[in-house]
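Structures are listed in the sections that come next.
Heads up, the next two complexes both have chain A, just with different partners, chain B and then chain C.
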Partner chain A sequence: MIDVLLPLAVVVPIVAATLPLALGLRYDRVGWPIAAVGTTAVAGIAAAIAAEVVVNGPFDHALGGFLPPVGIELVADRLSVAVLLLVAAVSVATLAFARVAGPRGNPFYSAYLLLVGGLVGMVLTGDLFNLFVFLEITGLTTYALIASDRSGASAYASLKYLVVGTVGASLYLLGVGYVFLATGTLNMLDVQAQIVAQAGYGDPLVRASYAFIVTGLALKIAIFPVHSWQPDAYQRAPDSVTTVVAALVSTTSAYALIRVTYTVFTVDFLAANEGIATALLVVSTVSIVAGSALAAMQSNLKRMFAYSSVAQFGMIGAAVALANETALLGGIVHLIGHGIMKFGLFLGIGLLALGYGSRQMSDLASAARAAPYTSGAVAVLGLGLVGIPPSIGFLGKWYIGVGAVDAGLAGGGAVGIAVAAAIFVSTLFTLSYVARLIERFYFAGAGLPGDHGEIFGDRGDDDAATDGGDAAAVGGRNESPAKTADGLPAPVEGAPRSWLVPDRVPTAPLLALGLAVLATVALGFGGFALAEWFGPFLAEVFA
Partner chain B sequence: MTVPTSLLASIPPYILLAFAALAVLALPRRAGHAVAALATAFTFAQAVLLGDGGTGAHLATTFLGFDVVFFNVDQFSLLMGVVVGFLATAAVLYAYGSEAPTWVTAFALTYVATTLGTIYAGDWLTLIFFWELTAVTSTLLVWQHGGAAVRAGYRYALFHGTGGTILLAAVVVHFVNAGTFLFSETVGIHPAAAVLAAVGIGINCGFIFLHSWLPDTYPRPHVAASVFLSVFTTKTAAYVMYRAFPEGGMWLAYLGGFMAVYGAFFALLQYDPRRLLSYHIQAQLGYMLAGFGLATAVGEFAVVGGFAHLFNNVLYKSLLFMAVGVVVYRTGVEDIREMGGLWRVMPVTFLVYLVGAASITAVPGFNGFISKGMVLDSAHEVHEYVLLLDSGLLWWLLVLGGVGTFMSFIKLGYYMFFHGSATLSPDDATPFQTVGMLLAAGACVFFGVFYTQLIELMPFTDLILSDEVYFKPYSRSHLVESAALLVAGFAGFFALKRPLGWLAHRMPDVDAVLFPAAFYLGRGSVWGVTELWAAVDRATMALAGATMRTATSPRETLSRAGVDTEIRAGIGRSVLFLTLAAGVALFASLLL
Partner chain C sequence: MFALASAGGAVDILATRHAYVAFALLLCIGLYMMIANPNLVKKIIGLNLFQTAIFLLFIASAYVEGGSIPIVPIGGPEGGLYVSPLPHVLVLTAIVVGVSLTAVGLALCIRIYDEYGTLRTDTLRELLRDEGSIPARRSPNAAGTDGEPAADGSAGAPDAGGETDD
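So, the complex of A and B:
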């Protein structure tokens, strides 16, 4: 009966999502406790599922007793469990931040729980159409969450995401329809078998299906050039929403890409259709370079790391398209690692914004002296993102790079080498913006000999005005940044205090940030453990 | 033999000397020098006692994964050990008598130690290790004196650092090709490394044009230090040259011949007594190399001639440096024109000088006569480029060098001990200086008279003393040859005194070009590197600054370039991109 855990993991957050609204009729501030209990329950269930997978191997559950291929099934294997644990951990940890930073109100927590339910469903489902359903749940709740601080800029960002996200999801649905036409089934494993039995890898219907699915997912993942919703969404959303969205939404979409590519269409399909694989590889490679370059141009921290995600998911896309074991392992490791690091980075930026009122790099000069722990954590995570060992960021990039070189040497020709070169260039770009961040935090600012703390660049160039006339300030960006007497960033009025550190940040989210840093570094030592953990999955798909 | 060979063979003498060097520093001056003299005497005794019965590769082990031999005793290293041990003892006594600072003696002992390490090395790895150490210790010995010795010592260090590096390269090439460092595995250095080895060792040997460190350095340090320096570096280099090229070669022989002439000629022009002697080091090395070079053309006789000359040279060259050193020590004058008439006030020094000069100029009855005769005999058998008297170019070069040697020692003796009235009236040598000098002088006379003892110490003894080889140093032809040289020398000196004096002020050696060239090359390269670095730095900073400006405000950069566009994609454009992407994906999947 252990397989009941799988539907439970999906049902608990979705059912819990109704409670804040329902109880909200009578109680004012019931949302957070319910969300906390709900996500904690999901985390517990996820842990139990993980334990079961480790002990007894992958297992599944047929929903409602309808056996697959007709019925819908939920499946847990090593890959889905890893993403599930990330989803559970991040959703619990983000709540600690949301409690202080908002947005407040019961509807927010309903949407939050619904988002968690959608993400868990995406991770666990074994059915292509069911995946679309959860994709839509995730998407719709994300649209709502982005606009949840009710500012004009976020409304615009949300609307943009809504339109393009819907088109993207439709493309995915179109692809699922094509493959259903070709095979007459929607269960992932059954589709895998039926493609071979009924259609073959060369069938135009199957190929078109894959093209639509990949394009739709690429939009959701935000790979260049269909990323354009993502920087706005990340930048304009409330900090706590950015934290959870950046860490999880694109990540689960990328998980879906891996799942669809390797479990449904299989590596043989990629081998049989080199054109598709090459196209995906080229797009991913462009995404790596373009995302990094765009990130290096930003002065708003949230926007900077949003573009950085475009580059990182380009690497994961490249790992998928390279279709060799090392690269795919790197892709999966980077998927998890990127989730953890981006969670930490956006949380850290959110904490600084909460305490010091700015997300602009120029306003945060000498932040490391005002908020040493938060700044230090952000710096370490940034270096992890660059790929400096020991960090999980290094491991992911390393495996992808080695896989790319392997593929290049094994006859993949110039493309594999180009991917490795793109990763290298991207690393340099990443280093450039992370180094700029660290320089601002640690070495710029007043009161230092050879003071170069003057504000550089035009702070208005990133302003909301360029986005459609909405000049509403987010986080007081148009006010001149307050400074203390000795030139440090001044805390905003009523900024939370921690009993633990001098930083003007709340304690609980800071601890969550610390855990993210620890995980980033600790997992960096676990190269072999990670390879072993994902070994069974890789062996299965490359069988 | 009462002392078991195995025990003797288990004590590497250089370790002992290194401890003795520490003892010199730690103990009072008298006790320290006593320990030093005992240690050097032990190395002498060890070599003598080991003798022919103690040959073999002792202390063979592996070091850094290579087979090495730390104490290789064979005929060649033994004779070097004997003479180095003997002379080092004499030099320590001399140093004690010359008020040498304890640091000088200590450095000198480490210098002797590293020299012995080089000599007793049984493989190229050990050899190059001690070779480099010798360069370091000898530089320290020069530098200790301070003053003018510092700059000269710096040049000395540059020379030997360069030479050591080249030899190191030769050793590496040798290993790559031969697969072993051991002497016993190969005959000399591998041919692929021959040029590197010749140049690397040649710097220490004072090859023409590579010799300028010799007269530059040796006149400058303490007189006692000069005695040590004059014998070990160059003679060890000659010995190593034989190790590298045991089969010799005519290039080496002719190079030796020209060195003999070149060195003797430049010696003739000098007025600083130690500088004059330094040029003679080059000339005498020429004889040794000529002997080694004839190893194949003439045979073992030439090699023995070279080694005998090496052996004798250690004795009389240091003896001359001691005698000159006494004069410098007592008078404080380093220009022979300011000396004169000293034979009356310094009779002992004068006598000792006479012995040394007679030895180096090969007067019958002194050891130089025996060994130089052997080299000349060998050269006589080479009939290339025959000039006069049915003798080849090589023989004539060596004879010419011999005449030059005569002339320059007549000059040196004439200016120091006669030459006008005595303006200085210094004391004679101190007792310990005298003891040191008498030890060396006695050996010079002993081996000149009892020359079979010299041959006994040499390799191939049986061959030389057998009937097959004509070895009669006191035959009539040799005596005539010697007398002719002597007469030519006397006549030459007094006939050419004036032109030589004129030439002495005008004739530059290679250092007139070499030193400024090296100096300006060094200064130029430092300037060039600094400026290049600065230029790279400026360019990098400019590029980084431009990139930063462009990256932080891309729109501004675009508008400056005349383009004013919206970079951001709105909703409409985003959907367009998505549609295009889907189209491209379809295209890729269906048509490719």
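So, the complex of A and C:
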């Protein structure tokens, strides 16, 4: 009966999503408690599923008693459980932040729970069409959440995402349609068998299907040439929404890419169609470099880390296309690690914005003296993103890099080496913008030698060097940021006060941020444990 | 199918595979409309057209020559030739998804119209640029100066009002 946990993990958040709206008719402010209970329940279920997978191995559940391949099944294996735990943990932790930062109101929490349900569904489903449905549930709620602070700019960013995201999901559906025409089935494992039995890897329908699916998912993940929706969406969304969306939405789409590539089409398909694999590899490599370069040019912190995501997902795409065991392990580790780190970074930025009223790098000079714990956490997570060991960011990049070099030496030739070089260049870019951030936080500000504190002087240069992302926002609307007498960023009026630390940030989200930092560093020590954890999955797909 | 294409040429494809031709045409028209039309609502219509094309692909693939509706009455004859019911079910689900997407899209359009009073992307971009929500376009002569004036001056005409209003 343990397998009933799988549908429960999907159903609990979706049913809970109706409650804030329904009970909201009678009571005010029921949204947060319901969301807290709902996501905690999901976390508990996820933990139980993980325990079962560890003890007894992968298991599945046929929905409604219709056995696959006709029915839809939900499957938990080591890969899906890892992403499931990430989804559950981040969705609980973000609530701590949403409680203080808003957006408030019951509909927000309904959408939030629906988003969690969609994400869990994407992770657990074993059916291609069902994956499309969950992809769209996730997408729809993300569009709604991004626009949930009711500003015009966020509505425009959200609509842009809606159009691009829907094209992505539709292209995915088109790919599923093609593979359905070729094989007559939709169950992932059955498709895997039927492609060999009925069509073969060289069949044009199967090839076109994979191309459409990859393109569609790339739009959703935001790989470089089709990433344009993502920085706007991340920047305009309310901070709590950015936190959850940046950590989870692209991550589960990338998970879907790994799942479809290795469970449905298999590594033999990639080997038989080198052109497709190489194309994906080239696009991903360009994405790595371009994303990092664009990130280094930003002055708005949210926008900067949004572009950084483009680069990190480029690495994951490259890991998928390299099709060797080490690289794929790196891709999966980086997928999880990137989720944790981006959760922490956007949470940290959100906390600073909540307490000190700015998301501009230039306004946050000396932030480390005003808010030592928050800034310290952001700095550690930033260094993790660069890939300084011990951190999970290092492990992911390391494995992908080693895998790329392996592929290069094993006959992949220049392409594998190019990927490794791109990762190196990207690391340098990442270092450049994270170091800029750390310099601002720790070594800039009034009263320091060389007085970097004259931020109005150098802001002009800063912005002229960027794409101008927020030049107008700084110059036009915002007045100069308030400063305390000794030149530190001044807390905004009514900024929350923590009983634990001098930072003017709320306590509960700060603890969540601390946990993210701990996880980033602790997992950095667990390279072999992670390799062992994903070993069975890798052995299965590279059998 | 490909042997047919090479032997019979385009006419045969049109005659026997018109559903697929329509699918490809609709897909391209929808995509073009999304990219080229400056009106947000028309972009959403293009999106719908794009999705409808995919529904058509599924439905066309379910067709079986001479097949009947896949409903077997109780006690009716077993067997027989039916069109495939599965794609119909998939398309029903996809239609529901498409409708909710359209609803969210139109709701966002209403919000944008309330805020800015326009649905044309080019006008909207100008307004957003004035408001500072998207990067200002840098004109060649402003590029040399420092960033601060670029923020409110370089977009040129639209926001010269800063000084002249009063």
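Going forward, the second predicted complex is superposed on the first by the 521 of 543 C-alpha atoms of A that agree within 3 Å, B and C clash if a C-alpha of one lies under 4 Å from a C-alpha of the other, contacts with A are read in each partner's own complex, and residues count from 1 in each chain.
Assume a residue touches a chain if its C-beta (ideal position, glycine included) is under 8 Å from a C-beta of that chain, and two chains touch if they have at least 3 such contacts.
Small disclaimer: the values here were computed from a predicted structure and weren't measured.
Contacts of A:Leu159 after superposition on the shared chain: both chain B and chain C are touched.
In the superposed pair of complexes, A:Gly168 makes contact with chain B only, with no contact to chain C.
Looking at the shared chain after the overlay, A:Ala147 reaches chain C, while chain B stays out of its contact range. With both structures placed on the common chain, the touch criterion links A:Phe180 to chain C but leaves chain B unconnected.
In the superposed model, A:Gly337 makes contact with neither chain B nor chain C.
Using the contact criterion defined above for the overlaid structures, shared-chain residue A:Glu274 touches chain B, although it does not reach chain C. Of the two partner chains, chain C is the only one that A:Val133 touches; chain B does not reach it.
In the superposition on chain A, A:Pro506 makes contact with neither chain B nor chain C. Residue overlap on chain A between the chain B contacts of one complex and the chain C contacts of the other covers 159, 163, 167, 204, 461, 467-468. In the complex of the two chains, the chain B residues touching chain A come out as 551-556, 566, 568-571, 573-575, 577-579, 581-582, 584-586, 588-592. Partner chain B is touched in their complex by these residues of chain A: 159-160, 163-164, 167-168, 171, 204, 207-208, 210-212, 214-215, 218-219, 225-226, 228-229, 273-276, 278-279, 283, 296-297, 299, 432, 456-458, 461, 466-468.
Residues 129, 132-133, 136, 139-140, 143-144, 147, 150-153, 155-156, 158-159, 162-163, 166-167, 170, 173-174, 177, 180-181, 204, 232, 236, 459-464, 467-477 of chain A touch chain C in their complex. Residues 2, 27, 31, 34, 40, 43-44, 47, 50-51, 54, 57-58, 61, 87, 90, 93-94, 97, 100-101, 104-105, 108-109, 111-112, 114-116, 124, 128-129, 131-136, 138, 143, 146-148, 150-152 of chain C are the ones touching chain A in the complex.
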